[in-house]
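One chain, chain A, appears in both complexes that follow, with chain B as partner in the first and chain C in the second.
Here is the complex of A and B:
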């Protein structure tokens, strides 16, 4: 995935112009897990919308697997911050939706849905309505629905925001397991530095619509508490915090 | 099928509802004591009229109406009302969904919907008779007009709300335009549409009866008009009572089917 000098300006109701993206360029190799980190309102979601094809750059280009992005498509699966499960479809039907939309044969669909239901531990809830699930279960279904559709790139826009720390850690485990099995490229937007350190191969820090720092997270996986307490992780954390403008002494 | 003991809330609701009806009947009876029969008939004469006129009403033969009683007249009124709502829904739903999904269609459709929305519906009645004569469409014309507006406006707003939430997700999963309409927009707006369907149906009874009073040869509105002409007040109220009960039953059926169809709602 590659962004080449992407620019995007928004005009507010007051007439003021805001730069959502300001000359953003970077490349993400196949299979890399990249966290987009930064304070709210600095362009993280704009970035993901560009790659998803929900928004178009004023200039520059977004290229995924050698093809310029011209709009949304199943090659770029998106997990949203808000819960977007189809409430009128049962859990299994939600996971099946993308497969059916792409014309995957019924037997294959069933096999895929069963496999993902088993993986996320919700086999018994296959016929449940989304309203019957807890917040954490719903996020698991949303992730499974996107992974099951076999996209080349997975875009996640703060998918675990609002969940407690323990639940979030459990969902990280599910996500990382799916990622390591499928080797998808992941772009994960978060404003939580701990989440970025626990998940990413690399962190891109966004501020005022620009990538201000590209921090590789080369320390080992799985990211146990011990790993996250290591010198290497601490250095990465300090580098990220500095690039976000956090002063040395508060 | 097993019988479930009703919970305390249901028992309380039923008890209070019964008490409310009993209080209303008591008040009605008290008022009737001080009034002439032609002004306010007592509840028992109204009930007698229901019994006597429900299946056959001989008096109607004298004014060239079928003597089939309230039942057959209610059936005719019900048919016109439901046909009106059905046609209105078939017209309004696609207009609303298209307007909700396309800015261009919205810009075309919104002004006429706004203008027609402020027209007092009853003034259209003479046109219905001019255009459709004495047919069932003339009786259902007002309902068709009203239901089309109500369904179109609701479908437009509900579709716009659903688009924001679900369309991006659907598109990113590879849904076609057809799937976006039939698998996402339509089910997503169903709860709002059930509410509007009930509103349209409730209004339909009134519009149909007005249309019948002003120019039809059947229907409960025509029966009411005949009885009103001969000052048979108890019979008029009896006909209205039957109409109210039928309207309540139809509303309860729509609400129950709607609840079942949208049982996925949070």
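Here is the complex of A and C:
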């Protein structure tokens, strides 16, 4: 995945121009887990919308797997911040939805849906409506639905916001397990530095529509609490905080 | 349940009082405000509307009034009315919702058609009835088309509004999964709009009942509306009152059935 000098300007209702993206360029190699980190309203969502194809750059180009992005498509799966499960479809039908839309044969669909239901531990809830699930269960279904559709790239826009620590850690485990099995490229937007350190191969820090820092997270996986306490992790953390403009003395 | 019985009893008491206080009896023995008992004792008069069928003969004109014949008469005409109602509502529903979905497909089309549709909603439906009478004559088809039209006008507007209120993220999500076009309209946009369309369908049922009864005034050979029209012509106030009660009951039953069906279809909605 590559972004080449992407620019995007928004005009507010007041007539004021805001630079959503300001000459952003970077490359993400196949299979990498990249966290996009930054405060709210600094362009993280704009970035993910461009790659997803919901928004188009004023200039520059977004290329995924050698093809320039022209609108949304099943090669780029999106997990949204808000719950987008189809409330009128049962859990299994939600997971099957993309496969059906892409014309995958029925036997294969069923096999895939069963595999993912089992993986997220919700086989018993295959026939349940989304309203019957807890918040954490719904997030698991949302992730399964996107992975089941077998995209080349996964775009996740603050998918675990508002969940408690324990639940979030459990979802991280599900996500990382799926990622390591499928070796998909993941672009994960978050404003939580701990989440980025726990998940990413690399962190891109976004501020005012620019990538201000590109920090590799080379320390080992799995990211146990011990690993996250290591010298290496602490260094990465400080480097990221500095680039976000946090002063040395607080 | 207890409340329901209480309400019915209350209505009967008020009705009886109204009949005693407001009603007067003309020289020919017709009460202007018939009491409940007068209305219910008009039931055998419905025998005159039983035209025979299913191997049974129509009663003789002069001596055929009986409870059985009246019940047959009521059923025969009730079925005719319900048949027109069901066909008309179905057609109006399919065309109204279908066109609503088609129109909202394109932004330009929606913005062109929506104001027109709102204007059509203002139209006094019953004032259009003579026009339908001229177009179709006293045919079954005329009544069915009139009912369909009254349902269509409501549901077309309601569907357009409901689809406009569907949050964008559903279609964004669906497109990112590779879903587009007709599949998107039918399996994402329409179901997402259904909870809001539900209210419109119940509203349209009320319009449909008005339309079918009024439509049957126009020279129909059968139907509850025809009985009402004839009873009015012969100043049978007791039969008119009875028909009012029976029509409310019939409409109430159809309303409850449709309401139950819609609740089932939207059982996935979060409270």
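The rule is short, and it goes like this: the second predicted complex is superposed on the first by the 250 of 250 C-alpha atoms of A that agree within 3 Å, B and C clash if a C-alpha of one lies under 4 Å from a C-alpha of the other, contacts with A are read in each partner's own complex, and residues count from 1 in each chain.
The working rule: a residue touches a chain if its C-beta (ideal position, glycine included) is under 8 Å from a C-beta of that chain, and two chains touch if they have at least 3 such contacts.
Here the structure is a predicted model, which means the values were calculated and not measured.
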{"item": "Combined model on chain A where chain B meets chain C, clash or fit", "value": "clash"}
{"item": "Touching partner for A:98 - first (chain B), second (chain C), both, neither", "value": "both"}
{"item": "Which of chain B and chain C A:20 touches, first, second, both or neither", "value": "neither"}
{"item": "Touching partner for A:87 - first (chain B), second (chain C), both, neither", "value": "both"}
{"item": "Residues of chain A contacting chain B in one complex and chain C in the other", "value": "52, 54, 71-74, 76-78, 80, 82, 84, 86-89, 97-98, 101-102, 129-131, 145-146, 149"}
{"item": "Chain C-touching residues of chain A, taken from the complex the two chains share", "value": "52-54, 71-74, 76-78, 80, 82, 84, 86-89, 97-98, 101-102, 129-131, 145-146, 149"}
{"item": "Residues of chain A defined as touching chain B within the complex", "value": "52, 54, 71-74, 76-78, 80, 82, 84, 86-89, 97-98, 101-102, 129-131, 145-146, 149"}
{"item": "In the complex, chain B residues that touch chain A", "value": "165-166, 168-176, 179, 183-184, 187-188, 190, 262-266"}
{"item": "Residues of chain C defined as touching chain A within the complex", "value": "169-170, 172-180, 183, 187-188, 191-192, 194, 266-271"}
